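Notes follow the structure.
Chain naming follows the written order as A, B and C, and within any one chain the residues start at number 1.
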Amino acid sequence: MPRNYIPILIFITLAFLFPIVTLAILRWVRPSVPHKAKLSPYECGVDPVYQPRERYTVRYYIVAILFVVFDVETVFLFPWAIRYDVLGLFGLMEMLVFLGILIVGFVWLWKQGALEWV
Amino acid sequence: MFNQYFQPNDILIIYPELLLALFAMGVMIIDLFLDRAWKVLNAFTALVGIAYAAYALYRLKSNALNLSGYNHAILNDSFAIYFQFVFLIATALVILISARYLSIEGENRGDYYALILLSLIGMNFMVMGIDLITLYIALELMAVSEYILVGYLRTNRQSNEAAMKFFLLGAFSSGILLYGISLLYGISGSTDLRVIAQRLAERPSHDPIALVAVVTLTAGLLFKIGGVPFHQWLPDAYEGAPSTITTFISVAPKAASFALILRIFIVGLKPLETSWVPVLSVVCVLTMTLGNITAISQSNIKRLLAYSSIAHAGYLLLGLIAGNEYGITGIAIYFLVYAFMNIGIWTLVVAMRRKDLIGDQIQDMAGMIYKNPGAAVLMLVFLLSLAGIPPTAGFIGKYYLFASVIQTHHYVLAVIAVLNAAISLYYYFRVVVVMFMSEKTDEEKMTLSPGVLTSLAVTLVFTLLIGIYPEPFIRFAQNSLSLFQ
Amino acid sequence: MEFFNSYILTLLILTPVVGALVLALLNKEKAETLRRTAFGFGLLTFVFSLHLVARFSSGQSGFQFAENHAWIPAYGIRYHVGVDGISLWLVILATFLTVVSILASWKGIEKRVKEFFIFILLLEAGMIGVFLSLDLFLFYVFWEVMLVPMYFLIGIWGHGRRIYAAVKFIIYTAVGSALMLVAILSLYFLNARATGVYTFDFPIWLNNIASNRLWIDPHIQNWLFLAFFASFAIKVPIFPLHTWLPDAHTEAPTAGSVLLAGVLLKMGTYGLLRFNVQLFPEATRTFTPFIITLAIIGIIYGALVAMVQPDLKRMVAYSSVSHLGFVVLGIFVFNMQGVEGAIYQMLNHGISTGGLFLIVGMIYERRHTREIAEFGGLATPMPRLATCFMIITLSSIGLPLLNGFVGEFLILVGGFGASIARAKLYTSLAATGVVWGAVYMLWMYQRVMLGEVTHEANKSLPDLSGREKWVLVPLILLALWMGIYPQFFLRKMDASVSRLLNPPIVMMVQK
């Protein structure tokens, strides 16, 4: 049983080693000439005027969440569509229940005014 | 092909939960068409849903014994049904007291009830599931609903802070729990608790991996019941959350988490008993002692009750450590009792919330006997019950738990537990002193809404009835013994 | 009458409860009605309890008037009550002192009258229940139930540091009773393991122990004995667990002190006699020297500390520690005289110390102080009170022809005849307690009552009112009766006590 996992172990070791080794080699190989312009956020652009961390309007999150919900929906829809003939009636019913719940939530959000963001 | 995934019988098993889900969605939709003045109808809708679900559950109980479904992922045995009844009772009582409180706070919306119902569904699956994946999803359904409910007062900073703490620590603990689950799966190649038990029994008794799995599972689960050292979130969450939600999370989710623990430890991890009993014994002693001692110095009634609830989790762990029939019946009856006495006392805390008075300092209750003698006497009964003084229901619960550890010869634990119960008298009676022996500081009387009155009447009657004539309730609680089958 | 005979014990427990419920329904403004109702129910309970005396058959050693019903059959918990020669007089004492303390609170309690009498009646129900229970679970329930009313009596109507005293009282007692619960449950499972029967029934346990079906390892016995002992010793209180007592007694209202000293302390000694001694014979043998030593320390220590108290009530409280030491000594000498003397002394203490607290209460009502230094020469304005006080003081000291003498005498006789090591030394030491008692009591009486009136405020104190006479006279009559004709009381104890002292013990439960 543990023997089957040896490739994974090798893979993990390699995955860890690769960035460490590369970075180490690069640090050793590259020239290091720091100066002010090089250390600024945009080396060849204008200096930043204000902090890049900024508050977004909260509505943005609602849109994002709405997007995630329907994103997940498609994640379920695609496999179901591909295996439709195997799953048959059962699959259809399940999917209808799923969509039904989503639609209730969507209607609720709509009525709450979540879609009126202007 | 059809039968491979699904059998018509499956729908039957989860019929009460399906009803609850329908009502949860229904409340949200109906709420959209209600005027401000009619929001109280939401509570009615939710109550109807619960009544309907209770009826369905009752039919289920009388129809068959062990209902297994969904490829053995769900087992609706009498243990599960018993706890579902406890949840239904607790939820119904909480909904009764919510309507008035929400309108005072100005947050009277339908999604509150929908979330409570969803959380109830999660809890129901937590006691029905016998497969780790199902259990985990159920746990998350319950927990996510609670996170939102704790932060339900959007404009209240304290409520938001509580929700944030609760959410972060909750998510963290879920992660640890999931880690334990994955280890168990790695060891046994299955997520079915019964299969896990078989596999574990075949392994050497001091298996380090199994031990790590036990430790992580214990840590994750202890968080949910507020066991020391995973209890820090609890007082903050209890204090910050809307009082009605505190009422709710101090009873139903706690019972659900405990039922989950019972299922995992008694069914799945039984072969590892020698490794988890010592761990839990230490946790149990710490939980009782720390809960009680910290409660002594609290001046806020919500925090006091929060620490007392930590201590109660400690007493409940006694039943699990004993792990015998007395212990399981003890936990089962204790939660029934706890549902009544704790909701009773929290109902009074909720009722003290008036227009301009938060009413959560112990000092706010000064001279309550002069202003609201009825409420003061009720409070006394519930406090006595929490302290475990006969002839209240709390005594019966404590009696079972203490008896269970004595039966398994854990005498030291039993002595520590009873001494803790004696310590707890000190702070419960501190509240009594303020209510009965201090002069009143203001003239403001409580006004009790019909919902609060109903809830108080029910909790009082059962707190006394279970204490004086416990026989039928014990028989009812013995349903939970199907856990051993 | 048949009905009365078979349900008299339940009636005794329920009458005060019904009284409390009736009071709860009455208007709280009508103080006089409330007092009368409470008095009526108290008197009714007392009359019912006299029925016990009338119908009690002295020759029987077992429990009489027994009632035995299933309560929680799932775990063999029963409602089993009965009375025997040991508990009979204690029940009467409880009902009698309740009537007395209701009368005594007529004027002293002016605020929250309704609740006061409700708590007194509930306390009475609890006390009677403790003495009657034969099922250990039931016993524990009553034992705990009693705490709550007493807590309120001290906490609401007490003086000075009343809340501190009330909390101290309840925590001490709760710690003790918590340990007892562990021991009761352990016995329950030990018995079930040995005999296969799950029961809390005391006579059945005794039978099993006597017939050796339930044999408890001496090591375990010691622990169980100590757990029970902790609970009872706190209640008695046996030195060094007595520290709650002076606070509770001093701060409690008069009625509370009377019931606390008169009845509640007796539950401790009753428990020792009924449960410790009978359930754990081997452990009792092991611990007897230890307990006797503590009892003697208590006798002497209590007396010495009482002597120097500046507070009248505190002095009486410490004298209780001393007197209860005698009772414990009497129990642990294990012969007829000793044990009967102990039971008798329990009754005496109830009457004489109850009386002392009543008189201190009456003086306090007049002067609102209890400092001995504030008094002096009170006999001049209050001759009648002084007479009553004298008689009760003498009864407490143990003057022949008064009740205290009989009890102390029997205990000392028992002590000298005891078949335990160094019995004579122990008893001689205890006997000095009698002398100390005489010293501090008489000295106190002299300072309070005799001599010139030194304080202006004391000159015009009113003498006993009619009601107060009604309170004190029955006590004095009883003290005389018990001193002159003790046989009336002792006769009813004989059978039960000799059965207790002569194993093998086979309990016959009379239906």
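FYI, a contact is a pair of C-beta atoms (placed from the backbone, for glycine too) under 8 Å apart; a residue touches a chain by one contact, two chains touch by 3 or more.
As the structure is a prediction and not an experimental result, all values here were calculated from the model.
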Central chain (by mean CA position): B
Contact-richer chain pair (by C-beta pairs counted) among B-C and A-B: B-C
CA centroid of subunit A to CA centroid of subunit C, Å: 77
Centroid spacing, where centroids are CA-atom means, of subunit B and subunit C in whole angstrom: 43
Mean-CA-position distance for subunit B and subunit A (Å): 36
Residue numbers on subunit B that touch subunit C, as the complex places them: 384, 389-391, 395, 399, 402-403, 406-407, 411, 414-415, 418-419, 421-423, 425-426, 429-430, 433, 436-437, 470-471, 474-475, 478
Subunit A residues touching subunit B - in the complex, by the definition given at the top: 86-90, 101, 104, 107-108, 111-112
Partner subunit B, residues of subunit C touching it in the complex: 71-75, 140-141, 144-145, 147-148, 151-152, 155-156, 162-163, 166-167, 170-171, 174-175, 178-179, 181-182, 185-186, 188-189, 223
Of subunit B, residues touching subunit A in the complex: 1-2, 5-6, 25, 28-29, 32, 111
